[in-house]
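I have a structure here, written as structure tokens, and I will follow up with some questions on it.
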Amino acid sequence: MKESEVHKTLANFEKGLKENSYDIPPSMIYTYAALKMGIPYANGAPNLSCDVPAMVELAKLTSTPIAGKDFKTGQTLMKTIIAPGLRARALGVDGWFSTNILGNRDGAVLDDPDNFKTKEVSKLSVLEESLEPDLFPALYGDLYHKVRINYYPPRGDNKESWDNIDIRGWLNYPMQIKINFLCRDSILAAPVALDLALFLDLAKRSGMSGIQEWLSFYLKSPQAPKGLHPIHDIFKQLNKLENTLRYMAGEELITYLGQDYEV
Amino acid sequence: MKESEVHKTLANFEKGLKENSYDIPPSMIYTYAALKMGIPYANGAPNLSCDVPAMVELAKLTSTPIAGKDFKTGQTLMKTIIAPGLRARALGVDGWFSTNILGNRDGAVLDDPDNFKTKEVSKLSVLEESLEPDLFPALYGDLYHKVRINYYPPRGDNKESWDNIDIRGWLNYPMQIKINFLCRDSILAAPVALDLALFLDLAKRSGMSGIQEWLSFYLKSPQAPKGLHPIHDIFKQLNKLENTLRYMAGEELITYLGQDYEV
Amino acid sequence: MKESEVHKTLANFEKGLKENSYDIPPSMIYTYAALKMGIPYANGAPNLSCDVPAMVELAKLTSTPIAGKDFKTGQTLMKTIIAPGLRARALGVDGWFSTNILGNRDGAVLDDPDNFKTKEVSKLSVLEESLEPDLFPALYGDLYHKVRINYYPPRGDNKESWDNIDIRGWLNYPMQIKINFLCRDSILAAPVALDLALFLDLAKRSGMSGIQEWLSFYLKSPQAPKGLHPIHDIFKQLNKLENTLRYMAGEELITYLGQDYEV
Amino acid sequence: MKESEVHKTLANFEKGLKENSYDIPPSMIYTYAALKMGIPYANGAPNLSCDVPAMVELAKLTSTPIAGKDFKTGQTLMKTIIAPGLRARALGVDGWFSTNILGNRDGAVLDDPDNFKTKEVSKLSVLEESLEPDLFPALYGDLYHKVRINYYPPRGDNKESWDNIDIRGWLNYPMQIKINFLCRDSILAAPVALDLALFLDLAKRSGMSGIQEWLSFYLKSPQAPKGLHPIHDIFKQLNKLENTLRYMAGEELITYLGQDYEV
């Protein structure tokens, strides 16, 4: 579902609710109910839910913090760890091929190309943000990025991912990195859900409202105010999370300037 | 070679030079000559060279910047990218097995257990620093870390590493990550040597002297003043490098506080 | 293209030629021309060409040897090596996931699901034949076999395959095998084409005609007379090839009975 | 322990027993007792036990069948499956690097280079036999084969092997195969022990005695009469096993000649 008129303002949305607009899915009604009552809300799926102007407006109105979207847990987690690492060392990337096998209901659904569309956009975008091809076209301007999800019943819930990364070093010499991750999707997701609940509660009690971008650490597609790029680099995300907590606690921020050591 | 009396002070060292002390290897004489003349010096190998109090004292005396030791290029680079990532998400690590195959002279030498000793210490230490087992004994207190280097002539200069990481998630569920890195050692090392030359020259001209820990980004065993822990996390190292350059240029530092975006 | 009436007999086929039948593709006209002139013919692609009764009839008529189809070169080669090995040791197989990345024209074409159909059937069938699930339903009766081909330009002609095999041992304990094959498609295919040319010429000069199943060693989908199962196990195929050559040379066959040694 | 005078003849051996010879280990006394009583004996370890002329002589004397040595279960099983496959297609092999990690007592013992010696010889020999470098020096004459076993406690009994094979195709183009096998050593070994017990009992009751080379299918270092090369290729071994059973049952042997199909 794409953003449309009924999502643009709170007034439009409430009018749409009364008129049973087709563009308001059940999940968004749930979001509206929570925010109306001032209950913090986080979205762990890749759908719109609170990622529309109408909901952001409502959140601000009721002084409610929100966060979204799409929990970052396995293969994409590894991507947002490694891509910044390659960028840090100015290693060029020519191609990144990611494939997954899983045998639960998620896998059966996502194996179909149409259902995979939203997830694919979510998964593909993280790379472009971390590597910043506009700033470094020679290194990342010609990157072929492909993601596949395959339904594979024998594995059940034990998801497995295989990534092949074609990188380029000095003098354009090609090299390769392959990552094989044997994981358990729910085990990686559960603590993320828990943390978000705890931190959103903290944000509410601290008087913070609207998009909590300092929680982007947990999300594949962090919400951002219009016109700004969300950060995907997990280390910058962690730094933001920690510095926000330090700020809330009245502590000094860590900047890693020059001669400082972390003792 | 371990640090001994002749390395403790500049006076001891110069006395040792006159007396042809066995504890002063040729590489250290070279270091002494460079620092005496005020020429910046960096150590890309895992040996002592400038990592002794006598040389640090001399560097300060002649206002010369130094950096060391052991270029961080391939497998260890990946380690200092991934370990912080695992720590960021509080994923426990039970074991990390690293093996390498290479067919150049480095490989032939390091295949012998005795020659491997210094390299092994250097390679093993990075993990302990990134994961901080003292702070998180439940996650990293019982980590079996093993590194092997194998001489393998068919591959020549095309080094290959294979890492198996046994991690633990929520409720102690075990998972595994395997990293296969097909690289070229000299291609990864050359730009590191070049960068260090350029930045040490900049440091000299900027009036900086002694250990340049902001260059730890390039090193497996960054030198640190006695009693302080060097940082191995490549992202903190990069942050330190960049913020030092910003500071030198009179720019504002990036702290990633709360609502800030990097536009 | 599936077999139809016009392919069933030579008479039907020649009538179809005169009538410009849509079911006779250019490749099959080429086959007809060669066999009519008594020139041996082999099919390295997965299409029908000489794998129809009409062509087999013509081959017998002109005493011409034929062989087909689909060169067995990389990932499938590994499959027909490993599957028999697992069967030999009665290791059960629950799932076999095969994925490929390649960047040449083959890859661009096969990336589309429709074009992939013929190749997929060819690639999927080899497993069922080697493992014989009808004979061993407890071991191979519930096998999930999936093959994917992905267009990946950065790699060009350097095809790479990744296979994940979920096997089961004694007491049903699950185990896994992963095969990563970095190969070059044309380099693996060229010698196959050359061998087939040489052996078909030998067959012709030896007075052999019709389907040369002793050349199945080189093919993914070996042709077989109606009602018989082709053999895919590469070692049985090799044994057949070698014993046929021994037979043609008047030599004794090797049977590996009891106490014999191969000296 | 190497073969010496006391092992050369039964007479020497019995004299050695009386004299408490240091060259007769407890396992060999056990072998002697079993064979003396006509009880079939198989050796699943890489030590000498029944692989000496004295024991072979005793076995013949008491009409007892014997088999040995060193169960072939995991990584070496894969080796004797794949090496013949590469040889079948005349793919050259420049290097084969095998590494293992395991955390049980086996691993702790074998991690020490001295204890590893016998196992290493056993594991290294299989490749030379399968590839026959004397017959094909251009393909296999310059092969660097290395095997490592690493003690790795976190994995316990769940052994894991990683093999890197550097192969060469037509026109000398290099390619690579990597095999990652996550297995369970005892699960792979138990059925081997069981089969050997059953088949040795059958051999005894069928009046067969001495070395049962048709059971080489289960062994890494199959015993062979002096001067003959044992076969390691698992498919030839299986063929030999099956043809021997067919022979014993009065059935026809399978030779895979020319036009035959296995229906």
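All chains are identified by letter, namely A, B, C and D, in their written order; residue positions are counted from 1 within each chain.
The rule is simple: contacts are C-beta pairs under 8 Å (C-beta built on N, C-alpha and C of every residue); 3 or more make two chains touch, one makes a residue touch a chain.
Computed from a predicted structure; not experimentally measured.
Comparing the chain pairs A-C and C-D, the larger number of C-beta pairs in contact belongs to C-D. Comparing contact pairs by residue number, the interface of B-D is reproduced by A-C among A-B, C-D or A-C, since over half of the pairs coincide. Our note on geometry: chain A versus chain C, Cα centroid distance of 45 Å, whole angstroms. Separation between the centroids of chain C and chain D, computed from CA atoms only, is 32 Å.
Multi-chain contact residues, meaning those touching two or more other chains, occur in chain D at positions 178, 180.
Interface residues of chain B facing chain A in the complex, by the touch rule stated above, are 77-78, 81-82, 84-85, 88-90, 169-171, 173, 175-184, 187-188, 190-191, 213-214, 217, 224-225, 228-231, 233-236, 238-240, 243-244, 247, 253-263.
Considering their complex, residues 94-95, 97, 99, 101, 144, 146, 148, 150, 152-155, 160, 162, 164, 166, 178, 180 of chain B touch chain D.
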